[in-house]
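Here the structure comes first, spelled out in structure tokens, and everything after it is commentary.
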Amino acid sequence: MGLYQLSKAGKLCVPAMNVNDSVTKQKFDNLYCCRESILDGLKRTTDVMFGGKQVVVCGYGEVGKGCCAALKALGAIVYITEIDPICALQACMDGFRVVKLNEVIRQVDVVITCTGNKNVVTREHLDRMKNSCIVCNMGHSNTEIDVTSLRTPELTWERVRSQVDHVIWPDGKRVVLLAEGRLLNLSCSTVPTFVLSITATTQALALIELYNAPEGRYKQDVYLLPKKMDEYVASLHLPSFDAHLTELTDDQAKYLGLNKNGPFKPNYYR
Amino acid sequence: MGLYQLSKAGKLCVPAMNVNDSVTKQKFDNLYCCRESILDGLKRTTDVMFGGKQVVVCGYGEVGKGCCAALKALGAIVYITEIDPICALQACMDGFRVVKLNEVIRQVDVVITCTGNKNVVTREHLDRMKNSCIVCNMGHSNTEIDVTSLRTPELTWERVRSQVDHVIWPDGKRVVLLAEGRLLNLSCSTVPTFVLSITATTQALALIELYNAPEGRYKQDVYLLPKKMDEYVASLHLPSFDAHLTELTDDQAKYLGLNKNGPFKPNYYR
Amino acid sequence: MGLYQLSKAGKLCVPAMNVNDSVTKQKFDNLYCCRESILDGLKRTTDVMFGGKQVVVCGYGEVGKGCCAALKALGAIVYITEIDPICALQACMDGFRVVKLNEVIRQVDVVITCTGNKNVVTREHLDRMKNSCIVCNMGHSNTEIDVTSLRTPELTWERVRSQVDHVIWPDGKRVVLLAEGRLLNLSCSTVPTFVLSITATTQALALIELYNAPEGRYKQDVYLLPKKMDEYVASLHLPSFDAHLTELTDDQAKYLGLNKNGPFKPNYYR
Amino acid sequence: MGLYQLSKAGKLCVPAMNVNDSVTKQKFDNLYCCRESILDGLKRTTDVMFGGKQVVVCGYGEVGKGCCAALKALGAIVYITEIDPICALQACMDGFRVVKLNEVIRQVDVVITCTGNKNVVTREHLDRMKNSCIVCNMGHSNTEIDVTSLRTPELTWERVRSQVDHVIWPDGKRVVLLAEGRLLNLSCSTVPTFVLSITATTQALALIELYNAPEGRYKQDVYLLPKKMDEYVASLHLPSFDAHLTELTDDQAKYLGLNKNGPFKPNYYR
């Protein structure tokens, strides 16, 4: 985000690669990794059983999609909130009810934010949650849950173990807040080495490309990683799955108008 | 494809919208629709039971992803072939073995093509399939299976019902060819009205945009549907799912640097 | 059912096998077969898209479990009604909300009965369904939906195609009734030959057992198929999946107190 | 097991309840609990990413079914070994290849035992595993993996963290052995309080029943928990899911030949 704003303001003094939005990095860091770390983060902190739990996930981007797929698979009943109609429609097609947070806040057992937005969970929502409701954040920053609003005299905080606070209302109701609203996947879970490898490879290749590029290929702007490099990162990680790629014949490459070594998709393909 | 080639050749004499690659259209026509029509097409033609069947799906793009998700969910064991390492890696993460067609061709019960390529299933593959193997095409054209190679004197064709041919080898082996290699979803299944509505709405909005656009906004080139229109198509279809969108507060919109009415995502977001 | 009642009344004049409750027969006829035929039956009659649809399934026995698994996998949102707390708890753990029919009848797109009970869907429920709601029966008989209650002067019936009636309320609301409330899977879908083979094999083995049994082994009562025969039926069908059984070593058989050739489980094991 | 053997030998001097095989207890302790604890146990010990991993699960009983469902849902490719043809056929229908352990031992990333048997994973298997293969046990005892065979001079053991040993072959190959072959779910994961509640309630009710039963109802034998009590345990746990049971009408109860308060199923129903 910051890079694009710098660029727009004409303040970017070197070419930059938006590594984060390369397909491979994006899918691994967000979709595939979060599909596992949401379970891991919740289990390690709360030992909650997923089966039968009602969960609301705020945001159905890649992170939200990953969280929802895992929770649904383990028997949770998942609701989605969204601002973007395209993501909302995807949530419908994947079998989730799209609701406003207020509609379900009294009944859910777990609230998970993955929006990149701020104050998605407000004090008003927190006031209405039921006893023992778990609240955590899988999004981009620590702004999604309005944790500041919980630091008021009438509420008592009780640290029950590392990264787990009980916030206690005057009537005895407890809300279980994880990692004080910071990122659950970084605070309470681990990142598999495989994901780190994808990320590090993508970043290294981007730097190599910028360094080696002939003068003039890149201006003082933000670029997406060239598709071919994105494909290269992926291909380097296939052998660990014993995956065998098919090669185009000359005839097929000609038919498709592609180089046999890629890139295989237009740049906008995800 | 054709439009981009015309444009490249300088032969496109009006602006054009690549409606096919709008997110909503793409996901519905390909992913969500095929997830259902692969089951429907196979059942109506062959009454095959999916549970326990070994299936190879050639191509893990949106169509392939849809087919695989449905077949896996119904208990089939699915193998993937891919030329693109990014799609191949996605297949791995979704729990499918990525193989060359030759590795599994002797053992599978069903072969499905979704590549957009030609001669993906060759006579050599067909010769090696086991008795009763079902072969069909969910891709973009009728070129994916080399059906012509089956029209030779030593093989007997037997039409067993509409859209279903048994091709019989001299030793009695039968391969079950559906729709003579044409599109299964168009030939042997129906398209839900909901999907038609998405497609028609997208096309209509694209035409309206081209017609109403101020002179100069669009040149003689191919454009992706503006994100905001894509979002509009989606929003028009949410009420049928009783889905409730969340609206940004002024403060949130400012924080995210977005207009409260969208577009909510960059153009390259899928 | 009838057999047990005859037996209880002392009116059963020969030994009988309750073939229907053998594990293999039960799972195939009910769970595995219905998992596929619910989709097939709905598609062939109504071309409904499953993604995003709200469905209530009455009864979470084997048939209900099969229907729900398939619909959930294809993106439907599924609610369950149950009378049995054990089945209800299983539904919870599988990620379904357990409700009374009245709670969701106004909002659902599809109603499916699989209870074996009568008048599960009453005229009152039918009156409250929304326009275009689809109603069908996957249970044991044609009693589950009170179809008789729909044959009244103020409602108009319109046959829109074979097995599909629109029942039209005075205000224009239409309910889509499939197979006039008879079994959807028998009326509007096909039974795979594989399932027929399981059923026929089980029945044949039961007859052979009764015929060959030494005098006195079976009295004038109802028996479950001996576990070993149930296992034999299963083993006869494994080769079609190229499945390879593991054999116990002598040492392992002794450790487990089992015969190396089975039966491998106690009779009550399902 | 022990109780039935005592009973057979005429050495059981009091009535006993086989609480373990009540439906509710069985499903929670085995199926639902293991579905979650296999993920938790593997993550906490090894941080393995599940997506794309090849896993062999020995035994497809309730524990195996739970493990496989979770791993499949998170993108692992799962193979099954089985001795019982009925369970093997179920594995086929659920989309798993049924193999002998030798067929896949060289290629898998994780080996999980859930058989209740002994020496299911032998030294010969361990010798053939690939580098970094993870081996663990989810079954009934610590006999399933022949750990003793690994305590030989040519192999080096390295404790890398609590419950995790690397066993190192002379050529440098490492096998990752969890909990020294003891139960992973007890050693490396936690049991949710909800599961404990189910188990404790079942045991308490069984004791109450035995204590309160009129003289003569129970002899010196082993009994399954009466269905009605099993149903009662389930019904006590429904409110925590906000699940609403449907009640039979008088007419329906009569039609089904059931008491309105249960039991709702024959004793052999699972």
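As written, the chain order gives the labels A, B, C and D, with residue 1 at the start of each chain.
The definition used in the following text is that a contact is a pair of C-beta atoms (placed from the backbone, for glycine too) under 8 Å apart; a residue touches a chain by one contact, two chains touch by 3 or more.
A quick map from chain label to UniProt name: A, B, C, D = Adenosylhomocysteinase like 1.
If you're wondering where the values come from, they're calculated on a predicted model, not measured in any experiment.
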item	value
Degree value of the rotation bringing chain A onto chain B, based on Cα positions, nearest 5	180
A-C against A-D, pair bridged by the larger set of C-beta contacts	A-D
Whole-Å separation of chain centres (CA-atom averages), chain C against chain D	26
Euclidean distance of C-alpha centroids - chain A vs chain C, Å	40
Interchain centroid distance [CA atoms averaged], chain A/chain D, Å	33
Two or more partner chains touched - positions in chain A	32, 51-52, 74-75, 92-93, 97, 241-242
Interfacial residue positions of chain B with respect to chain D in the complex	51-52, 72, 74-77, 92-97
Residue numbers on chain A that touch chain B, as the complex places them	1, 5, 21, 23-24, 27-28, 32, 81-86, 88-93, 97-101, 103, 116-119, 143, 224, 230-232, 234-235, 237-238, 241-249, 251-252, 255-257, 262, 264-265, 267-270
Contact footprint of chain C on chain B as seen in their complex	32-33, 35-36, 39-40, 43-44, 47-52, 54, 69-70, 73-75, 107, 190, 192-195, 240-242
